[in-house]
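Two complexes come next, and they have one chain in common, subunit A, joined by subunit B in the first and subunit C in the second.
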Partner chain A sequence: MATVNLTIDGKSIVADESKTVLEAALDNGIYIPHLCHHNDLHPNGGCRLCVVKQDGVDGVITSCSTKVKEGMVINTKDETAEKVRKLSCDLMFKTHPSECVGCPKYGKCQLASISQYVGDSGRDLRQQKLPLIENEENPLMLHEMYRCILCGRCVRACSELRGVGALKFEKIDGRMKVVINGNSLEEAGCQFCGACVEVCPTGSIRDKVGVFKDDPGLSREMTLVPCSEGCPAHINVPKYIRFIKEGNFPAAAATVREKAPFPESLGYICVHSCELQCKRNHLDGPLSIRNLKRFAASQDDGSWKEKAFMKAATGKKVAVIGAGPAGLTAGYYLKKLGHEVTIFEKLPKAGGQMRYGIPSYRLPREVLDREIAEIEAVGVEIKCNSDVKSATELKAQGYDAVFVSVGTHAGNKLPLEGNDLPGVYLNADFLRAINLDEPLPVGDNVVVLGGGNVAIDCAESALRLGAKHVVMTCLEAADKMTASEEEVTWAKEDGIVVENSRTFDAIESENGKVTGLTVTGIEGLKFGPKGPEFTRIPDSTVTFPADTIIFAVGQHPDIDEEFGLELNRGRVVTSDEHKTSEDGIYAAGDAVTGTRSVIAAIAEAREAVSEIDKYLGGDGNIEESLAPEQTLNPCIGKNEDLTKTHRNEPNVTDIEARKCNFEPMDLGFDCSKAGCEASRCLQCDLRVQISPQKFWSDYIEEEGGQQ
Partner chain B sequence: MKNLLVVSCVSDDVKAPISMYLMNNYLEDVVAGANKQAKEIDADIIYLLLEGDKVEGLDGEVRYAKTTSPTLNNPYAVAQVLSGNLPRPMIQDDYVTVYDDKAVSVITPEVAYGIKNGFEERFVAVNSGDKTEIKRVAVGTALSEVASLDDAKAVLIGGLKGSFVTPEEASSTKIDATEKFSSISIYGQDQCIVETCVQLMNEAYKASCGKCVLCREGTSQFRQIVTEMTTGKAKATDVDLIKEVSELITVGAYCPFGQSMTRPLTSAMEIFAEEFNDHIKKKTCKCGKCYKAAALYYIDPDECIGCGDCIDACPEEAIEGKDGFIHMIDQDLCEQCGKCVGACDEGCIKTATKLPKLPKKRTKVGKF
Partner chain C sequence: MENLKTQLVVIAGGPSGLSAAVQAAEDGAEVILIEKAAITGGAANMGMGPLGIGTKYQQQQMIDITVEKAFNMFMDYTHYNVDARLIKRYFEQSGETIEWLEDLGVEFEGAFKYFPQSEATWHIVKTGNKIGPRAAGHMNKALLNRAQELGVKVLLETAGKKILKDDEGKVCGVVAVNKDGEEFTIECKAAVIATGGAGCNKEFILEETGLEQGKDMFNFAIPGLMGDGLKMAWEAGADHLPVRIEQACDLGGGEEASGSVKNVLRQPNLIVNKFGKRVMNEEYAQNTTYLSNVAMHQKDKVLYSIVDSTIVKSYVKNGVDVTSLVTPDPDVSDFYEGMDEVVSKGSKNFFKAETIEELAEMIGVDAEVLEETIDDYNDYCEGRDEEFFKNYRYLRKLRKGPFYCGTYHPGGYGTVGGIRINENCEVCDKDFMPIPGLYACGADSCNIYDDSYMFLLPGNSMGYAVNTGRIAGMEAAEYIED
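After this line comes the complex of A and B, so read on.
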């Protein structure tokens, strides 16, 4: 590329000939005020703030739309240019509210920043305030156009950048306005990409409160891509959804695997925090991200393997206690980092809660086996039927580090009368027994205590073991249950009765045999520091007949002081770096946090692996690019189906066919449903590509940096 | 890339409706000129008309604009209109406007006519009173031969972008080939020059495409300030304000229209300084146009019963007062709509060109 020499404010500058005067100045730490200009948009020239004086040219020139030329001499501080800028600022503020403090954009407003820089000339021009009309109809964006200074960046972003054209200029009663190109944003073809919000310099077009997290600690990318932020492992959700839309399913699976070694299992059972954060929740319901993941993972062709890193052996030995999701993940990455890994597992097979907690009708064991085999394939040794009584003793056997991921395999028992009778089970024991092929006997009438996903697993399993009448009862009201909505719906379809807002009084028995559970209705449930608080509803005590009672009210690690680590309420105590009380012993997963989720265990294990690697002398880097590069096309175009296509539901086995066995019941998506669902994605990541707004202080800091 | 030649019939100044005149009266010449130009640059032709306009006998692709605009001789603005948007010009080095994969260039029917017949003759719109007459004139003709200057008070040469001159100056002016002579407007002795400027600034506000702050807000400010000169609200300092702001707009506005739209007002203020001064300071209009129609409203403090009816009726919230207190009209906010007069059962809202003594603060009924 050819370059030209020019002088700006007395400074000799060499600039690429394709640059504008404004770009050349900014690149060299010389700030010229500008407002309608935006890095990603074609020069506009309307705000008149970037005018400068060019030697030999009458009047002023528009620096944002004038290319640099050899020998140009530019003065940005020319008196006339500064007067024009001031006038422009004055004029804009005649229609813009003068009071900044009440504006939500206060402190982040480019207009305010510029007016501070340019200054006020105090001219006696007329106030021409715009009517205070707000448009809150749009589910995602708020239009308060009385703040609009008509820079047109939103209109240009929507048409030039996105190819959508949902916003336009219109003269209303003689006054120019930015309006929606139709009766509603949907009708205007809005793709809800947020580009308009991203480029708006004032508080005119904003994200509605609650659409994004307002957490200054989050990076811009994590703030703007809520699904990835919501995922504990920060899987690049928009990227793999885009691969699915393009039909490149192996690439989608590889994208998931970059952050988690169990793509397909997660596709079956992930708690999908991503979906809870999905921006489409505010429109018509979230993307079915988990089912998309599942479909993509089922199409994995292993092509990612050639890109996966595998470091040379370090000679260090690491022991992992517990072959659940955390332990397997840790083993996998530690081995890839070059450490020799042995995983000790108490139970006969690896998998942890994925095998001994989650029933097989939710997660087929061949899927799990396949994914564990991938972990073994990198050279991780898994020793099953190996109960480790003490982590410290194990470390003393010659391991450089130990990772504790024993999970929560002991169920909590509430202090209820009759809680030790035969026929009273704990969730963990009940589910484990089924998966050890030694199911505990269930009677005709089963009552499950608890309202989470494990409680549903227990209730559904009891049904499948032959129970005739299954009741679930919990403190929480129907809309506050921790179990996922989908699971509750299916449970009810299967005939399981859910009794909400009840406190458990006593287990009834006759002659040492369980006969029922007495409960009382409650209201005003709150969880205080000392546990649940509520008011009992008088005369609402009833007894549910039962011959089997299952506690599903939480689980805790099945370890004690003998294990050698500091515990708090039964859980392993760790620092932020996942260090336990003992040097060289790290811990993560449910054993530390209490029962959470597979994806949380994976995410925490990955963090812990980095720490362990650093402890062992490595750099702690486990990031890898397994998926191909993806080129994002910012031009979305006007896809009229986007808002009309609603969430796809998975194919599910008929009720009668599913409730009598442990065969998979949720069949997920087929190819066409997956493609259709992927096309619903609002592509929040496109907004991250838009250059962030800068303020004059940013440029001046840059200037300082260069000097 | 292919080329597209747009014959824009929608860029005329409101004071120079020449394009459609040519399309209706000299269609063959316009078409021949356009074809010649198109052949030269190897371009397809589109005729851009105003929605609702018809040209008898026009053969070729015709597209319609929703509005006329002085920017519609700019290729980018034309492409915006062809895409269904409002016109906005793009003035930039080496910028090529592309529409429908074709590089856009624009000519007016007048230029097309000139390409066919040469530029020794030109068309001039002569406006006088409500009448507009379009004349074909040889370049070099004296202005006085084209328009009658008898009884003229002022002559505006160049429409919304033009300048006022005195009849004396006009009589010694020869018509040349420049754009400004497409419009000559004669204002008679009975015309109020301030009121004329109100109309011109209203037209300028309407014509402004709104892209550039200086033109958009400048026309909006000027039309308000000049209007205030005809209603007694303007301040003595407004003359200097307009002059100072105009100078900056002339230098700083984005396009030729924006740079020139202040000229009618500033030239009028220079030539007719006294008339402006009378309006602003003495609040009188010798032509009797301004203050008669827009007298100041006030509430007679001796008759007001403090009922609040006028307060409710005022769309500008310009009336202050509460129950039992004499109501007062804030002259800065009053738009002279007269709705309060109809709302007042007591008939105590009156008009005057000069306000009588009125309460300045809240005063109980009967205590003034």
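After this line comes the complex of A and C, so read on.
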């Protein structure tokens, strides 16, 4: 490419001939104020802040719209240019509020930054404030156009970058304004991509509070792509959804697998924190991300395998205790890193809570078996029926490191009289027995204590084992239950009665046989440091008849001091690096955090693997690119129907057909539903591609002190 | 992000942090300044200038204010509830600081009062335009330029997270996080905390002051002021002193309204409480700290400023009675448009009513009592204010509808105080012993007002920031040298 020589402020510069004077100056650390200019947008030269003096040319030129030419001599600090800049700045403040008080953009406002640089203070002109009208029509963005300085970046971003054109300039009552291009956002075809927000230099167009997290510890990408941020393993959600939209399902499955070795199981049972953070929650309901994952994973063709890394053997040996999601994940990556891995599992089969907790109507065992087989295929040895009593003793048997992932397989029992009667069960025991094919007997009337997903699993399982009448009761109010909304709905459909806001008083019995559970209504529930706090409602005590009672009020690891590790309230104590109290022994998953989720266990196990690998002398890197590269098309065009679509719900088996057996009841998506749902994605990651706004102080380092 | 190494880390680049960085660099220290926002200057970019005592401007303007007089005023005002050694050092240095700023290229318009009863200690930065808000941005820019010239490394969009101490309890590093969320450590010998309080942190304010933002308190919630420095200092062992809101009364409960609307309703006319009674001599309402205190003591923490059509008509025609440097323009000719706009939006804080009865209904005040109060007030307007002794110049009758009304709530700038420091701006623990290498300045350390902001010596917030910043900078540089 051809280059030209020019001089800016006495400095000789060689620049590509395609550059503008402004670009050439900025590239060389010479700051020229500019506002309407944006890296990704065509120049329009409207703000007149970037004016400079060119030798031999009368007046001043706008540097953002003038291409460099051979021999050009530019003076950016010319007196006329500075006057013009000051006037431009004054003109912007003629309508812009002169005080920053109350503006949420404070500290990140380019106008403020420039006024500081140019030296304006905007008081020479009579102020003409605009009416203080907010437009809250857009559920994701706030338009406070009385702060608008008409730089037109939003209009250009919407049309040039996105091909949407939902914003336009229009003269209203003799004054130019930026308005929505149509009678409504729908008509304008707004895609809610946020490009306008991203380029707005002032506080005029902003994200509504709550759409994105305001956490300085998050990168720009994690802030702007809330689904990926919400996923503990940070799976690239927009990427795999885009693959699904394109019909490339194996690529989608591979994208998930880059961060988690159980794509399909997660597709069935993930707690989907991603969906809770989906930007579309503010429109018409989140993307059904989990079901999309499930469909894609079911179409996996294994093509990712050729891209998966496999390091040479290191000669190091690692023992993993517990073959649940954390242990299997750790074993998988440790083996891929070249370490010899043996997983010790107490129960007859691998899978942990995915097999012995989560009922088979939620997660078909053939799916789980298939995914565990992939892990064994890389050479991980799983020894079942091997109960490890002590982690330290195991390590002493010649392992270089030990990873503890024993999960929480012991249920919590509340101190109620009669809690040891026959017919009183603990969640973990009850569910495990079913999956060992030795179900515990249930009577006609079953009461489950607890309001989480495990409580629902217990209630639904009891129903499937033949109970006639199942009641779930918990402290939490209906809207505060920890169980997912969907599961509660299904449970109610199946005839399970949910009694919220109750405290448990006593287990009633006659002749050593359970007859019921007495509860009292409560209000004002809070969880303080000493446990739940609430007020009992007088005269609200009732007894639910029961011949079987199941405690589903939490679980803890089934280990004690003999295990050789420091414990706190029964859980394994670890450092931020997943180290336990013993050198070379690491831990993660439910055993450390208490009962959480499969995806959290996977994410934590991955972190622990990196630490273990570093401990064993490796670099700790387990990142891999299994999916093909993807080209994002930022030009998304109008979509007038965007808000007319709705979240696709999965096909579900009829109530009567599902509540008497352990067959899968949520049938997920078919191909067309998956495609439809995937096309609802707002592609939040497109916004990350837009160049971040820069400030004059970003250039000072190069310039070495200002004017 | 690679770890860095320097002698002094200054956490945040408002006027206190910038002053600390410049002073320390002038005294020979190697400095890194980190700032969470994209722009340096902090909340002070909105402000107009610092306090100075005994400056050449005061001499030229024949203003009689000495360090002795200011010190005594200040100590009387605060009932000696504050650190006299720190106040003395701050005031003593404040005059020289104005010259120090001038050496950096800052120019001043002169020394000014905020309102008639205050002293002319406010040194407003010259911008080349008229006096008005945001002038201090120029001072911050000059400080930044000087810092850069002196080789201070400025890292923007970088927040401080944690102060690291070595085995002997001396500061040895600062953990920071950059705009990509990456954490890194800056190894150092000393650190200055200058993060400007927690004005934007609703939960923090509730916890520390018991005040609920948006209900009891309508302070400026300047984005980014989350109490980072306070938390870091306390975690590092600093004594936890009370955090207070630097009170300045709010008109309108945070609702945006045009300048004219606010200007008219801030004039010293009738102010009543929820019971429809007067509670003060309204001319003192110009001292916004007093007014906020008055509001704080009322039922529902609210006051109502009421004017009638005759008063408004006169203001629109002739300009308002009282102007200040913050609202210097007496012209309120667009009052009616502004009022109609805010009322038509269904305002909960601005009202327009044809009769007193209707107004009383709108604001939930007993109509008979309010009518009685206004009758009495109108009588006073014909003679003298027998109730609260207001100056006759501000006694204007309320007779003719429509009546206009605005609500006052306790308001303020951000928070002040929380970290114990001594007169050397050394952060101290519960035993008053300095934590070696740790300094704090500006709002995080501003425990000098006790319960009420000292508006009688205007420019105090920024003056305190710049001067304690300099003290922290010079003390830290000396500590590093040893």
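Going forward, the second predicted complex is superposed on the first by the 698 of 707 C-alpha atoms of A that agree within 3 Å, B and C clash if a C-alpha of one lies under 4 Å from a C-alpha of the other, contacts with A are read in each partner's own complex, and residues count from 1 in each chain.
As a working rule, a residue touches a chain if its C-beta (ideal position, glycine included) is under 8 Å from a C-beta of that chain, and two chains touch if they have at least 3 such contacts.
Since we're looking at a predicted model, the values are computed, not measured.
J.: Do subunit B and subunit C fit side by side on subunit A in the superposed arrangement, or is it a clash?
T.: Here subunit B and subunit C cannot both sit on subunit A without a clash.
J.: Pick one for A:112: touches subunit B only (first), subunit C only (second), both, or neither.
T.: After superposing on A, A:112 lies in contact with subunit C but is clear of subunit B.
J.: Contact-wise, after the overlay, does A:378 reach subunit B, subunit C, both or neither (first, second, both, neither)?
T.: neither
J.: With the two complexes superposed on chain A, say which partner A:104 touches: subunit B (first), subunit C (second), both, or neither.
T.: Only subunit C is touched by A:104; subunit B is not.
J.: By the touch definition at the top of the document, which applies to A:216: first (subunit B), second (subunit C), both, or neither?
T.: Touch status of A:216: second partner only.
J.: In the overlay, answer first, second, both or neither for which of subunit B and subunit C A:688 touches.
T.: neither
J.: With the two structures laid over each other on chain A, which partner does A:410 touch: subunit B (first), subunit C (second), both, or neither?
T.: A:410 contacts neither subunit B nor subunit C.
J.: With the two structures laid over each other on chain A, which partner does A:537 touch: subunit B (first), subunit C (second), both, or neither?
T.: In the superposed model, A:537 contacts neither subunit B nor subunit C.
J.: Can you tell which stretch of subunit C collides with subunit B among 98-106, 314-322, 368-376 or 404-412?
T.: The one stretch of subunit C in steric conflict with subunit B is 314-322.
J.: Need the overlap of the two footprints on subunit A, from subunit B and from subunit C, as residue ranges.
T.: 123-124
J.: For subunit C, which residues count as touching subunit A in their complex?
T.: 36-42, 45-46, 127-135, 137-138, 140-141, 144-145, 148-149, 153-154, 156, 159, 161, 177, 179-183, 220, 222-224, 254, 256-259, 341-342, 345
J.: In the complex, go through subunit B and note every residue touching subunit A.
T.: Subunit B reaches subunit A through residues 85-86, 88, 90-95, 205-206, 210-214, 216-218, 220-221, 224-225, 235, 237-238, 241, 244-245, 248-249, 251-254.
J.: Using the touch definition from the top, list the residues of subunit A that touch subunit C in their complex.
T.: The contact residues of subunit A facing subunit C are 98-102, 104-109, 112-113, 115-117, 119-124, 127, 129, 131-133, 216-220, 222, 693, 695, 697-698, 700-701, 704-707.
J.: In the complex, go through subunit A and note every residue touching subunit B.
T.: 43-48, 51, 59-60, 62, 65-67, 80, 83-84, 87-88, 91-92, 94-95, 123-126, 128, 149-150, 152, 168-171, 174-176
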